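Each of the two complexes below includes chain A, the first together with chain B, the second together with chain C.
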Partner chain A sequence: MSKVDDTKHVAADGQEKVPTASETGGPIILFFMIGLALSLVVGWVIFPKLLYSQKKQPIDFNHVQHMELVDDGCESCHFFRDDGSFSGAPTLAQCIDCHEEVQSDTENEIRFVEEYVQKNREVPWLVYSKQPQCVYFSHVAHVKMGNMDCVTCHGHIGESTELPVYEQNRISLYSRNIWGKNIGGFKKNTWDRMKMDDCAECHVKEGVRQASVQTGKGGCFVCHK
Partner chain B sequence: MKHTGNIGKPKRYGMVIDLDKCTGCGTCMVACMAENNVPFKKDESNKLDSITWLRVYRLTNGKPYPDNEVCYLPRPCQHCAGKHEGHSPCVSVCPATATDYDQETGIVSQIYTRCFGCRYCMAACPYHARYFNWWDPVWPKGMEKALNPNVSARMRGIVEKCSFCFHRYQKAMEKAHMEGRRELEEDEYQTACTQACPAGAITFGDLNNPEHKVHQIAQPDPAKGGRPRNPKVFRLLEELETNPKVYYLSSREWVQEACHKPHLLDQKTAHH
Partner chain C sequence: MKIDRRSFLALSVGGTVGTALTPLPWKIQDDLAIWTQMWPWTPDPLDGENTFTHTVSTLCRGGCGVTVRKVGDRVVKIEGREDYPTNQGGVCNLCASGMQMLYGPTRIPHPIKRVGDRGAGQWARISWEEALSMVAEQLGEIRQAGQPETVACLSSRKYGSVAELLKRFLTAYGSPNFMVTPSMMDAYDMTLKRMHGVDGRMGFDLENADYVLSFGSGLIEGWGNTAYMIHTNSVWKERKATVKQIEPRLSNTAAKSDQWIPVTPGTEAILALGIAYVIIKESLYDYDFVNNFSTGFEEFRSAVLSGYSPGNVAKQTGVDQSTIVTLAREFARARRPMALCGRGQGTVPGGLGESVAVHALNALVGNINRPGGVWAMPRPAVDGWAAPALDASAQAGLAKPRLDGAGSAAFPFAEQLFNRVPEALATGSPYPLKALFVYEANPLFSTPGAAKVREAFDQIPFIVSFASHMDETAMAADLILPNHAHLERWEDVPDTSGFHQPMIGLVQPVVEPIRDTMHTGDALLRLAAALGGTMAASMPWENYKACLQEGLASRWSQLEADGFWIDNRYRPDTWSLAFPTPSGKFDFGVAGSDLKALFAPAQPEGDDGSYNLKLIPYDSVRIPNGPVGSPPFLVKIVSDTVLKGNDLFVEVNPETAKAAGFVEGDHAVLKTPLGSATVRVHLSDGLMPGLVAIPRGLGHTAFDGYLAEKGINANDLIGSVEDAASGLDAAWGILASLVKA
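On to the complex of A and B.
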């Protein structure tokens, strides 16, 4: 009996204390706005910082200085082999001609010669534009047949005096240059991003045959392996 | 600035396998597995869960000695074009756009990162050319260093199949581009099995190109869905109209019959 009485009592009390909508509206909206602002800050500022680890290259490199000394521009060190494959990041074999002896008294140069050249160890360069394993990319098709310049995809790295910090996605382990610096995925320049959409966009523009039966777009095997 | 388009004529890469030359030695299977990083297990006796992009089947005429005859039949992916170019059984059922038909080369592609392992394509393929990865590949110690860097390794839970060694096409195109060409010579793009076969039973090339040996042997008739005009040449399960790009050659009638050569089927139905 007493139980029934209790519930009745509470119900009656509760009814008296129910606040009207206009009284709760203020705090709830404020609470929502603060929550929204917080989650936006977390999503757009804190999460991107946490998502990418920052790594320094083992040795710093001055592109400007080297460009003055070579005759053939980028291809002096990033060259094509006779079978059409691309050499990518240079190996010691390209450096050793000049750097057999220490060239300047900077700490960076001394370290390079002592730790890598003299010990005949390859520099473990972090490659900014390294693509996932499933991606096939032919430099020769773009540079030799398509007459594209390096800047279109790689930006003005050739005009830099020091190497940028290498940022790596902690989940996918891909370089940040693939997604781009802008966390929202917006791009202003062709070299801001290296995603599949960016490749496809240019392929459509340049009239590469859109030969896929499934999608009506470019064939999958053009860029995948 | 329309200078980068693929200007050349579309290709239809295909194969003719001479069953009268095939000795069933299995070199093509080994070459294929090594070339394409095909995973294997310690115990491969259960053929339902083993992976062989190229499988050699053993056919027999079923007669007792001394009339008993055996024929070995290597079966890669048939790269079907279907009734109209690109209506392959597997491509038309894939819900993930993981498998695709490329009208540029006629090759049925499989993108492993795109596949989510529903296996509709395996059910649709009448040739059992598709295989499912039930486990992540485990390479014997040190062997991962010998993997082919041009072929991406697969993981558990996805389907894989023969690609006609498409990475070799990519490589060959790179060399051609380096020399300023957009067209490949016949011998520049050959699959691993073709080159490995000690009997020279496999011929590979562009079925659209009358100068290529595959075209000359198979003599495909474009008006009849690529049916061979050479009377000794036939395709597997022709009655399904899958329009495969792998042709087989044999002068033995029981082999032709076992592979469902159309005119023999017609005769059979006429008899009944």
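On to the complex of A and C.
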């Protein structure tokens, strides 16, 4: 007779001892816990490391040093154009105003002048807060009309002496700063995250009109393209 | 401890529960959603400072003022210029797609010379020095041999400093053969010359007209200046002006008009004369104008009354007698009636008789040189240059007759008759051509009877093209000296689309040339310098811009400041001063012509009795049919009842289709005396029975994959018919048959 038949027979007899819950429960719970722990480690620790690639900015930039030299704070370089659009990261033309010649003997400064200024190449800055293409965002509406300061969304970047490493999401290809450093999406400060919920949170809190100025209606296309 | 299946299950359950407690699944979902917005083909608009530059778009004939938006050095949007007198913020779809003509793959990036057979597309890159010296050497040899008249030039533009410079180059060289691609303006110019005695151009005070009788003009489909005409149409609607559209096919213009009057193709002039008959018979004409300011009215009157009674006209045109009478009465009683001609976009001149018959209606009601009427306008002139210096060789060459017969005893009023060139070259009479310059024209595609033009071009040993894009004619050239694209250059664009105020627009560079190209003006100056002698002396400018500036003389400062120059106080002469004919009056008799012969309709070619239908071409505002082919944006807006994949649809009336056994979408062979092609059938109640309508502007063999081989070229199936009275191409279509494929 086969082994299977033997087992059935024994079980039917009730002569052999059937394993009790306490005897099998231990290993099952153990394996459950191992699975749980591993997945928690993967999800909270390993996944974020794999998800983001780290990129260095082409030139390191010292905000503090520049802030000491300008009169108008952030807007000295990140200014509004006459048509109300926001200039964002400075273009080479602005930098050349001061950096036509090498200003100091730091390796960074020499490289900047040689690689970009002399070759008339724009610096391919990596923009931490670049929103997806489908989002309409107007700086002038927030800064000039809403009287918000830069720090509310961008944090204390203006007080940094070097640029943070740019982390790029390997799937969405956007900066980590949009989702926020915390993989769980938890935030302590207003500038920790720049997702839609964060826009909405402030808009609700401030009682911002949620409808289109032109049509008077709300909906996706008020903020999305 | 025993590890069994349950252990693994427990592990994976634990893993699943654990994963659900991490951000991983939600974060991946979110990222994947955003990733779908990052397809490589999703347009990613440039971010940066917007700058706006005013210029004039030269892609179509309209010459509209445009405002080009750039981000950095990149053109991102072309829009109509709001304060431009003609288009007033509007722009046609071709000019709005101009970025694709600037950056697209059909640009010719540098000078090239042919190395394989003609048309085989085998080219070798050469330097500008080499290219220019090749041309100079050839021209030098021809001139040395005493045959300067055997060098000709074909331009798509008649006016403006580049056209004038080409003409001047030929004049100084000794050739009378400067030619322009034909258009309805040729017929209008000739009509103006013969009836008004004015050597100028026609202007139309369209907005102020209150009753428009259009003999097949595609008023909102590219006739004149497209954007201005669409604006004008809105003005007409606001002012409750009446538009009556006379043509065999329900075009968009007809559909938007107050009344569509289907007419047998080619009989528009007969209908105009039928209307004239009623106006004369019922004495509805303007007595003051006719009696005091015109001559030849008796001849005109007897010609009209002897053959164009409404009954007679109704039989020939298919328009009811009552409609003819109504049209005549409405037209004559309107305050500012205007009759217009030029079929579709006016790319074929039509016969002189047609233009005269239609213009006679304007004269009968006295709406000449008055508000809301047809105005005689001065020609745009580049008048700041001194006359070219001519040596003996040039004088001898210029004394020779023109190749196309324009200005000869047979066609004294014609300025250019490019339609007659193929035959002249086929027969070698009066002489063969040794070299041809082609400037922004694509005759191998856009001339009716394109195959004959191709054969004629095969007879020319040296063809130099100044094309910016690889079109059909550039493909057949021996040497290409690519011009800057339209957004990279200086140029003046006098308005010649029928606007009623003298106007010049300034094309200004919006971007630096992105290819190794040269302004044709500069290329001509360098060629003249290389040829030396009086050639160099006639073209002494350092560069084209200096030559432009000098040519425009006192208008330059305003052009530079505003981007256009306009004489908005211009008013045409009053009747007593307006007609420098021998009699000093408007001439209904058309300078002593045989009016019966003049008004005889053009007979279609190749009538051997085997054709039961008539093929007519139609123009669409979505399909450019001039020298510039459709950029990809435009190919996308052609309806799939016109073009589906590479299949072209011809329109056929359901009644005609039923008789021939066709249903919608059937494949058919369309045959004409010139050739045959496979097409598909689209049933349309908007076409008179017995006709087949084919769109013009498709069936390119050159340009890129977005355009080449799409549909068939109407000009391969429809030829040109020479008008005996004027030499102009009078073809309205051709006989055809449509049989199952």
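Note that in this section the second predicted complex is superposed on the first by the 197 of 225 C-alpha atoms of A that agree within 3 Å, B and C clash if a C-alpha of one lies under 4 Å from a C-alpha of the other, contacts with A are read in each partner's own complex, and residues count from 1 in each chain.
Criterion: a contact is a pair of C-beta atoms (placed from the backbone, for glycine too) under 8 Å apart; a residue touches a chain by one contact, two chains touch by 3 or more.
Keep in mind that this is a model prediction, so the values were computed, not measured.
When both complexes are overlaid on chain A, chain B and chain C end up clashing with each other. Legend: residue contacts after superposition of the two complexes on their common chain; A:Gln133 is shown touching both chain B and chain C. Residue contacts after overlaying the shared chain place A:Met67 against neither chain B nor chain C.
By the touch criterion stated above, A:Val208 is placed in contact with chain B alone, chain C being left untouched. Of the two partner chains placed by superposition, chain B and chain C are both touched by A:Ser85.
By the touch criterion stated above, A:Gly219 is placed in contact with chain B alone, chain C being left untouched.
In the overlay built on the shared chain, the residue A:Val117 is in contact with neither chain B nor chain C.
After overlaying the two complexes on the shared chain, residue contacts for A:Leu173 are found with chain C alone; chain B is out of touch. Applying the stated contact rule after C-alpha superposition, one finds that A:Ala200 touches neither chain B nor chain C.
Within chain A, the residues touched by chain B in the first complex and by chain C in the second are 83, 85, 132-134.
Of all residues in chain A, those touching chain C in their complex are 24, 26-40, 42-44, 47, 51, 81, 83, 85, 87-88, 91, 132-134, 169, 171-174, 179, 183-185. Touching chain A in their complex are the following residues of chain C: 1-3, 6-8, 10-19, 21-24, 27-28, 30-32, 34-35, 37-38, 42, 44-45, 47-50.
Within the complex formed with chain B, the chain A residues making contact are 80, 82-85, 132-134, 136, 138, 140-142, 144-147, 206-209, 211-215, 219-222, 224-225. Those residues of chain B whose C-beta lies close enough to touch chain A in the complex are 1-6, 10, 85-87, 91, 94, 97, 99-105, 107, 109, 111-114, 150-153, 163, 166-167, 170-171, 173-180, 182.
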